[in-house]
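Below are two complexes that have chain A in common, paired first with chain B and then with chain C.
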Partner chain A sequence: MNVSSRRYSTAVVLQVSGRLDQDTCDAFRGQLMGHVDSAAREAGAVVLDLSALEYVSSAGLRCFMLASRQAKAQHGRIFVAQLQPMVAEIFQISHFNLVFQVFPTVREALGAVSAEAAAAYEKA
Partner chain B sequence: MRVRFWGTRGSIPVALTSADVRDKLAQALVQASGRTFASYEEAHAFASSELDFSLTHTFGGHTPCVELVLPGEEYFVCDMGSGARPLGVHILARQARRPATVNVFMSHVHWDHIMGFPFFGPAYVPGTKIRIHGCHDVLEHAFRLQQSPPCFPVEFDQLGATIEFVKLTPDQPYEVDGLTVTPHLQLHSGDSYGYRFQHDGKSVVYSTDSEHKLENRAEAEGFAQFFRDADIVIFDAMYALAEAISVKADWGHSSNIVGVELCQMARAKHLVLFHHEPANNDATLEGLLKEARRFEELTRGDHALKVSAAYDGLELDP
Partner chain C sequence: MLLAALSIALAASLPLVRGLRLAVFDGYQRLFPLERTTTVVTIVAIDEASIARYGQWPWPRTRVAELVGRIGEYGSASIGFDIFFPEPDRFSPAAIAAELPVVPTELAHSLALLPSNDEVLARSIRGHHVVLGIASGAPDPRFPAPPRAPPIAMPAEGLPDIDSLPGHIGNVPVISAAAESRGLMDAGPESEVVRQVPMVRRVQGALVASLGVETLRVAEDAGLKLEPARGGLINLRLGDHATTIQEDGTAWLRMGPHDPQRFVSALDVMERRVNPELLNGRAVLLGIDGIGVQDYKTTPLGEFVPGVEIHAQVIENLFGGVKLVRPAYASLMEAGALAACGLLLIVLLPRMSALQGTHLAFAMVLLLTGSGLVAFLYFDTLLDPAGPAIGTLAVFASVMVGTLSEAERQRRQLREQAARMAGEVDAARRIQMGLLPDPHAALGHDPRYGIAALLEPARTVGGDFYDFFMVDERRLFFVVADVSGKGLPAALFMAAVKSNLKGAALRGGSVGEILTRAQAQIALENPEQLFVTVFAGLLDLDSGHLEYANAGHEPPFSRLERGVPERFGSSGGPPLCVIEDFVFPTQGRTLAAGEWLCVVTDGATEAMNESGAFFSSERLRASLTWVGKDATPDEVMARVRDDVARFVGQAEIADDITLLVLRWKGGQEAAPSER
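Moving on, here comes the complex of A and B:
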């Protein structure tokens, strides 16, 4: 599992790749929570780009849930975008599509954050 | 060793309402629109083969009570939820006035797991022997308390059966009339215990009222060991995963998805979703079953896991 980040205006896009399961979720959670905390302090948002995520287990989904709860507690925002078909189906099966706003593309998720974030993404 | 489900609902008994029955009937008629049936048998075949389970059946509403049927004369029962009432009727009819010997294994003593005992007919029959096994110190106290005034008109000491309480130690195997049983501690308010039953080369795990903390690898591996290669795992799948780890975290229950994952780890053969949320209707429960089956397909390695949902009246042979 790897995580890379890019900033677009007030939004941070985290691209998560590989498998997110019990073996990798601790390392992921640490990185994710740090970004959620920073984004909330800057009145920004986190967009999770899951286009390269191959698999997520219940332990991985729990990381997303903890991030969502922390974002809500800090009045921050977190969005999910560009899920591969298998991960999209796992989101539906586990009812995580009711917890997160899921967007077909990172561009659309950034559009939900702000016009500036979407414009910055298009310029990049 | 046959498994017979007398009560499969969690927390509190529920029943279909008249509106529920009318709705099922209306939906069945819509799906049969244009069809004609020359006989009851034709209509029955249509209902059995073409309509969803949730239209033609109900998962039922009794709280936990599961019977393990073995070749001998004695009875083996997990929990004394409200399903113990119809189980008692069954035992009395089968015994035909002969006193029975009933071995009960208690997951814990929350009300939904003991509420059927005051209505368990064999408890009123002199000569009947009832051995209530469990790991809780408060086992006998709980059974006596619910039959104390002003909660119930018949006090525990007035029951005709000879009732014995047998304290078990977690992770220690016991032999009970040819059945090997091993209790295992589970995460639940006031603790609960799962049981692994083994007989004649077959194994059944009864694991209800058990929350699983997903971040704890040691806990997951411990349960995978407890479920290892089991023929049937009866599993607390009260919620969908998102619900179980958000608004209902720390409520002491688990999800269909975690059931699939643990049984895959354990290479168990058959997962049976159990302890259904009382707020869920039959269509919702069937949806959770379909989702669990799809999750199993998506995540299957070299080991296929069968997934079912328990309902009152279901019988399974490992």
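Moving on, here comes the complex of A and C:
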């Protein structure tokens, strides 16, 4: 599991790659919480780019859920974009699209954050 | 504590420490014996050859007088006697006359008129700068007066620590009167290695120098002066020469090996066969060196030498400016070194490996020994490394023992922790497995349906469970669930979920309502923020109508007796406790007689083989396709279990695997026609 971050205006795009399971979820949770925290403070948003995420276990889903709760408590926002088929199926079965707003592409997710973020993404 | 105790012990010089210290000091002397560089003193020895020629010792004093005369002829600067004459000579003519039983009166009278041997010796001594030997000790009635000695210059405040003795044994008055001076023959206690010798002593109140010091002083015709020095010591000045001695008037001798070059035979002197250079202008010591003579001493070099040679070495030390001192602060320095080494060990050892610690301790011992040697060689100071080294090793040993027992304690803790963890895992598993109903025992033989269930726990217990029970005469409630977590928290949460679901199910309502109601209860007791996926169903055993709700769970498969497996849709809601106010929808369908369902947890579909591939719902579908048309629920379950096991192979099962197979055989009316 690997996380890399990119900033577009007030949005931080976290690209998560590999497998998110019992072994990796603690490390992921630490990083995600940090970004959610700082995004909430500057009224920004975190976009999870899951195009390279191969698999997410129930422990991984719990991470997403806890991040969502924290974001909600801090009035921050998390969007999810570009799910691979396997992860998409897991999201579908577990109805996590009710937890996060899911977008087909990062571009669309950034559009939902703000026009500036989308513009910054276009320019990059 | 130990360190403090050792420091105090060192300062107090316990016998053991003292013994070791002396052994180390002797070691220094043996490693670096003093080379003889001065020839200021020569010993005239009354040796075996002299005794063979002139008869047994003591000789008549006329013979001694003759010897003194010969030495004087060679031009000696002074003669120190390491022999003494406390009684009148019994070979004196008058004494012989008195001794003999029959002596003519005339002869006796004329013998009595001859000068006594003592007078002869006294005459010989006079003018030859003789220093007579005296021995200090207990009071002796023959010598009530303090020995006459030339004054020694002293500081006004005096030197109160100098050894003081109440009496002495000197020489008969006639001889004593003829001598220029007197010196102490004392050379430390009998039967002990001679390390420290008195240089000056107070005898009956008079300050007297040792034979060696006084013989050199007379030879040099100089004055003797004492003054206080640093470290509680005393500086001793003799003309141009100076040395430093201990506060009690003794000096640590820096020893050279026994050297025959120091000696000339009294016989050779008598017969005038000596190289004149050996005596001319030198300080001469007259002593006895013969077998059977008592006055032999052991030196720190381990040699057994005539006592007179010790006096010669005193003179050589003094003349050559060689000194060796042990100042008052030496013990403090040693205690300080021990405290420093000990503290360093106590601080550093616990942070080092055992090997590094051992190296450190040995480096310290080497450093201490080295410092002692450097002090000996370059600062003429006796510092004792043995006490601090032993203390350091003792501290090392006790800290090591402490560290080892600490390590042992930690190992034990780890073992206990591992045992506790194993116990926790076991407890979690017992909770989990103990809550599961036995399909065969729980429901008896209802002809309307068959059920089989399996839970294969993973090594670190997930929170899977299944459950089924009749909510009324017609309807069977069944559930398969998977808690998102592991260990005891998951097991306890699973127990709460299971009982809340059962409670909710028994209160009636649709399956969706049951889940919604259970979620509200469970959310109240979920401190770990776990969630649980649930597939729950309510089967009307008479009509075959199935009502179900899915909370984020893997959709089950169903299969008609002669059909292919068909996967349920994924409609439903998120797992319980993800969105806590979610209202779960209920779905329904009617089963055909003989149709069965297979509900699994993702432990089955996501079981991984060694290359990291999932068993997947597609393999599950294939597995279910190959089941025979009249397979019992047990057979279906076994088929899936075996296929998963074969797929996983040697890989470790990461998550609990749960299977539940339920077959509806038909309503009550149809039951008799069922096989």
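Rule of thumb we're sticking to: the second predicted complex is superposed on the first by the 124 of 124 C-alpha atoms of A that agree within 3 Å, B and C clash if a C-alpha of one lies under 4 Å from a C-alpha of the other, contacts with A are read in each partner's own complex, and residues count from 1 in each chain.
Definition applied: a contact is a pair of C-beta atoms (placed from the backbone, for glycine too) under 8 Å apart; a residue touches a chain by one contact, two chains touch by 3 or more.
Computed from a predicted model, the values in this text were never measured in an experiment.
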* Asked: After the chain A overlay, clash or fit between chain B and chain C?
  -> clash
* To do: Please work out whether A:S4 is in contact with chain B alone, chain C alone, both, or neither, and reply first, second, both or neither.
  => neither
* Asked: After superposition on the shared chain, which partner residues are touched by A:T105: those of chain B (first), chain C (second), both, or neither?
  -> neither
* Look at A:R69 in the shared chain and tell me whether it touches chain B only, chain C only, both, or neither; answer first, second, both or neither. => both
* Once the structures are superposed on A, label A:I93 by its partner contacts, choosing first (chain B), second (chain C), both or neither. => both
* Asked: Is A:A59 in contact with chain B, with chain C, with both, or with neither (first, second, both, neither)?
  -> both
* Regarding the shared-chain residue A:S38, is it in contact with chain B (first), chain C (second), both, or neither? -> neither
* To do: Go through the superposed model and pick first if A:C25 touches only chain B, second if only chain C, both, or neither.
  => first
* Region of chain B that runs into chain C when the structures are aligned on their shared chain, from 25-33, 61-69 or 97-105 -> 61-69
* Return the residues of chain A at which the contacts from chain B and from chain C coincide. => 22, 55, 57-59, 61-62, 65, 69, 92-96, 98-99
* **chain B contact footprint on chain A (complex, rising order)** => 22, 25-26, 55, 57-59, 61-62, 65, 69, 86, 89-90, 92-96, 98-99
* **chain C - residues contacting chain A, complex** => 482, 484-486, 529-531, 533, 552-555, 570, 572-575, 578-579, 582, 602, 606, 614, 654-655
* **Residues of chain A that touch chain C when the two form their complex** => 21-22, 55, 57-59, 61-62, 65-66, 69, 92-96, 98-99
* Given the complex with chain A, which residues does chain B contribute to the contact? -> 214-215, 217, 220, 240-243, 245-246, 255, 257-258, 261, 291-292, 294-295, 298-299
